[in-house]
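Okay, here's the structure, questions in a sec.
For reference, chains read A, B and C in written order, and residue numbers begin at 1 within each chain.
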Amino acid sequence: MKKAKRWIGILLVLAMAFTLGACGGGGSDAGTTPPADSGSGTAADSGDSGAKDVSSLKIGVVMKSFDEFQQQVIDGAKQGAKDAGIPEANVTAVAPNNESEIMAQVQSVEDLIAKNVDILLIAANQADTLMNALNTAAEKGIKVVMVDTDAPDFKDKVTYIGTDNYEAAYEGAKEFGTRLGGGKNVVILRGKLGDPNHEKRTEGLVAGLEETGNTVLETQDANCESDKAANAMEAFITKYPNQIDAVMVTSDSMAVGAAQAIKGAGLGGKIKVCGFDGFQAAIDLVATGEIEMIIAQKPFEIGRQGVECALGALDGKTYDPYINTGIAIIDGDNYKDYQD
Amino acid sequence: MSSKMKGKKLPAFAGPLMAVILLSVILTIVSAQFLTMDNWMNILRQTAINALVSCGMLMVLLTGGIDLSVGPVVALSSCAMGILVQRGVTNPLLLIVVALFVGFLCGGFNGLLFTKLKLPHPFVSTMGARQIYRGLALFITGAAPIAGFPAAVMFLGYQNIGSIKFPVCFLAVIVIFAIMGIFLNRTALGRKIYSVGGNKEAARLSGINVSSTLNFAYIMSGIMSAIAGIVLVGRVGTALPLAGETYDMDAIAACVIGGASFSGGKGTVSGTLMGALLIAVIRNGLNLLGAQTDIQYIVIGAVIIAAVFVDVVRGNAEARSRRLAMAKKAAE
Amino acid sequence: MGEVAVELRNIRKVFPGVVALDDMSIQLRRGEVHGLIGENGAGKSTLIKTLTGVNIPEEGEIFVDGKKVQFHKPSDARAMGISCVYQELNIVKELSITDNMFIGNYVKGKGGLLDYKYMNRKAREIMASMEQDVEPTELCGNQGMGQQQMVEIGKSILMDAQVIILDEPTSSLGEKEAAELFRTVNILKDKGIAILFVSHKLEEIFELCDVVTVMRDGKHIITKPSAEMTKDELIAHMVGRSLTNLFPKIETHPGAVALETRGLTRVGEYYNIDFQARRGEILGFSGLVGAGRTELVRGIFAADLPDKGQIFIDGKEAHIRTPRQAIEHKIALLTEDRKLQGLVLEESVEKNLTLVNIDTLKKGFLVDMGRIRKQADDAVKKLQIRTPSVDKAVGELSGGNQQKVVIGKWMNTDAEIYIFDEPTRGIDVGAKIEVYNVMNELVRQDKCVIMISSELPEILGMCDRVIVMREGEKMAEIDRSSVHFNQEDIMKAAWGGKLDEQ
């Protein structure tokens, strides 16, 4: 038994040392994160000069799941709060483990209402399911801003900030299609079958590509997993020898897998890769030229502006029901602006 | 089957091997690209990760347990390398050692949960650990994939050799499976894993240290997952905190198709390798045919059920012939 | 005396290697308590299972209410009103008394939902008819063992049982509970139910039963009103067989004490056991099933740790905490249940033979396949293990050959103390003699041999000394030279009797 206790002890200590080390690292990262345009930051600064004391305001952020995109929205919200003089500690960010856990998200919203937050930023996984909770929040006077994904039937929101998935994909694909020059063959790797985001993005990509005169050879589901994307890309290369000119994806986790498979097949440069989302790992590949360009939404900006609008609403300001943050194109010319 | 054949048992990998061959014939007919050297190298490459994870899973299944945490261990071990890379560590040896050590710790933790805390079944303990490891992987990376690994680390998952472009990762699979085959059949500890899985109480009363044997099996599963993590990093060029969501089920499927039993004591590395290969061939073939994931789910599910069913039928037939032989003896 | 409710006529039931019932006949009458008694392995359980349709006999006839019937499955017997309360109760502790009584036969009300109002009332009525005042909604787990048994009996009444078999019903009851049970049995008897009462306790037979049947070796020996029987007569009928030359006993020369225990206790299993076992002798442990003998040797081997007491090996105190340490102290335990505790059935003969000593068969990192094969071949030759090949799965061998593999596995260690727990159970006569010869060989090598056996002839035939246990306590220690070294006296001690001059 003694031996066992010692073992468990050692394990625990190691585990803690490990996480602590990681913690420290994470902190320093956060310090250097803000990639967004500094111009809007100053705007917010000027905004709070005339305002009352906001340091006791509480902000809740409910995201769809836990990944880099959602994390950047949260970081943006924190930045927005900090700009307005609200301590970062007043920002509570939660998300279900998985986008399919619709009820968990509803509960998160309810919990935050119970916690008496003043501002809620919500990215809806399933707008209909959320309606009751959203209305309750509005009745309580909480300023609700929909971020990234809208709840169209929810009338009492401050605004919806984000880019529609279809539109982002469509605009991005048009840009990429134009750069390809038309008449090219493209394959698409998409996220999970049945996931509405990826459905919309896929539709957008196809429409954008076809409008610019390119052909979509085939679409495969790679479940947002890099190794599945590599497998599928390898199968494409086998199936369409010397026919594929480019590959588009509905999320960057698949772009990196596809890029690696292309490199492995010795076709680097011959098949162009277009990413989606703007994850750091993909941006790094833009630097090396393995990824041609990335269609990026502006998660940090969405989060930051979300808080800004909610604060404005508390002061009685009103906003358009849809604020389009638009897309950014990350490519060889500007990738440095997006790198950590 | 002739009466001469009846006495001899077919090796466990014969079933899935035959399925692989049958499927290959069909796919060769319906897809012109299937039977090409390039495609087969693809298949081998695509087999590697699942095969490695399955090898560890097999150790645990042999003891009558299960390890549901393999996917997150793959992610955590590769992300552990990732954060070191982010901090400027470029020594590939150090990175690999760290990954293996993370695998070792995770496996050890799984083992101790079962053997020391006496949690009722590893299904429960590894299900809990699975969440912990996934959480740690997300936490240390801030949920962001990490790129920029040195080429020497990526070598295992990325490099091909020779003019036929034989993947190094599959070479590693062959070497590791050969070693594990020898380990399971030719070393004392390997034999003990079978004994503990076949009859825990008999093993204990024969003086076998059951707890340390079990711990070892879980540690091996952790380390195998870590090796898979290293291959994954090479394969996709990044460390992904969300990697390996379906690895546990894929690995269990490979083991079961290869003849492993949930009650322990039964299963071989060769069968498992064939099981992993079969899954890769199915996925590759369906990809070539342009079938979506929905069809892939259905086909692989059906193959698992068929494989287990064949096993059950075979088991029943064996039990029956044994009973008849004994009754015959008693009557004499 | 009432009419015959159920009758077995000339029943024969054969299991691989054993004739469990041989020309067995018995009649159970309404309103009569029929005692059934016999040694362990006399065929009582098989008889019960034949009555309840669990076993299908090869020969013989079954009559219910004078009509010839055939049971194909347990539900057939149940439908005929035959029910059994087994020693291991079939009670779901987490459910209420009502639920337990109605399980599988739930009564539904109008809406298709369960009619608990009716069921609770019925349960209360039935329990009351046995003079049991219980609240039927209570959980069974909160009741005592006696009450739980009553619930089982109640279940039988609910199913309108005409014949109730009670299999060692008092084994887990205290005295008061037992008295309560007897009262209930008498109530059932007055209702005209036929009762078969299987017991190990002679006193109970005399107290409760109208007639008693003695069984031995699967055969009917005698049926007589218990009032016309004496205790000694019963015992004589139970054991009464002559010792043949089945036992190749050799002359022994007991030497130094190899194993000694002082005050070994594991609460609930055995208490304050002191004994010595010497080199060059066979020490027997006799007693009824459940007397604590298996538990005692498992304690010595640290399979289940004793609560207190000391163990000495070759005169030095040994602190044995795990089976592995026991093996290091050169103890070998051949367990009673070889399938569950001794062998890995799906593994080969060769591999099973390496279970204990695999660590000594290494050559560098690997195990030495040559030596393993040689060890297996040697064992097969020496122990005459009949198997087509050492690669055959051990589960496919006969019981006797499986036992030889277990023996072989331990012979490969250099153990000095061999504990055989029921080594010949379920194996044929030829294999038995081979097992005895192995013991003789060990004794010749001056090793210490301990044998637990429930078969008295075996104890008398092979042992130099016998320790008799009853309900966890050592009752007697009898040397081969003592006048008490005979079946009757050992039986007497095992049944709780005192021996003169002890």
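Convention: contacts are C-beta pairs under 8 Å (C-beta built on N, C-alpha and C of every residue); 3 or more make two chains touch, one makes a residue touch a chain.
Please read these numbers as outputs of a predicted model, since none were measured by experiment.
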Legend entry - Smallest count of steps, each to a touching chain, taking chain A to chain C: 2
Legend entry - Distance-to-centre winner among chains (Cα means, whole assembly as reference): B
Inset, instruction - Go ahead and note the Å separation of the Cα centroids belonging to chain A and chain C. - result: 69
Inset, instruction - Starting from the mean Cα coordinates of chain A and chain B, work out the distance between those two points in Å. - result: 33
Inset, instruction - Using mean C-alpha positions as chain centres, tell me how far chain B is from chain C in Å, no decimals. - result: 44
Inset, instruction - Would you give the residues of chain A that are in contact with at least 2 other chains, written as numbers and ranges? - result: none
Inset, instruction - Note which residues of chain B are touching chain C in the complex, please. - result: 182, 186-188, 191-192, 194-195, 198-199, 201-209, 265-266, 322, 325-327, 329-330
Legend entry - Residue ranges of chain C in contact with chain B within the complex: 14-17, 301, 303, 322-324, 326-328, 333, 335, 340-347, 351, 354-356, 358-359, 361-362, 365-367, 369, 395-396, 398, 409
Legend entry - Of chain A, residues touching chain B in the complex: 4, 7-8, 11, 14-15, 18-19, 22, 25-26, 29-30, 66-68, 70-71, 192-193, 218, 220-221, 223-227, 229-232, 234-239, 241, 252-253, 256-257, 259-260, 263-265, 279-282, 284-285
Legend entry - Contacting residues of chain B [partner chain A, same complex]: 31, 33, 36, 38-39, 42, 45-46, 49, 80, 83, 86-87, 105, 108-109, 112, 116, 136, 138-140, 142-148, 158, 160, 232, 235-238, 240, 242-243, 245-246, 283-284, 287-288, 290, 292-294
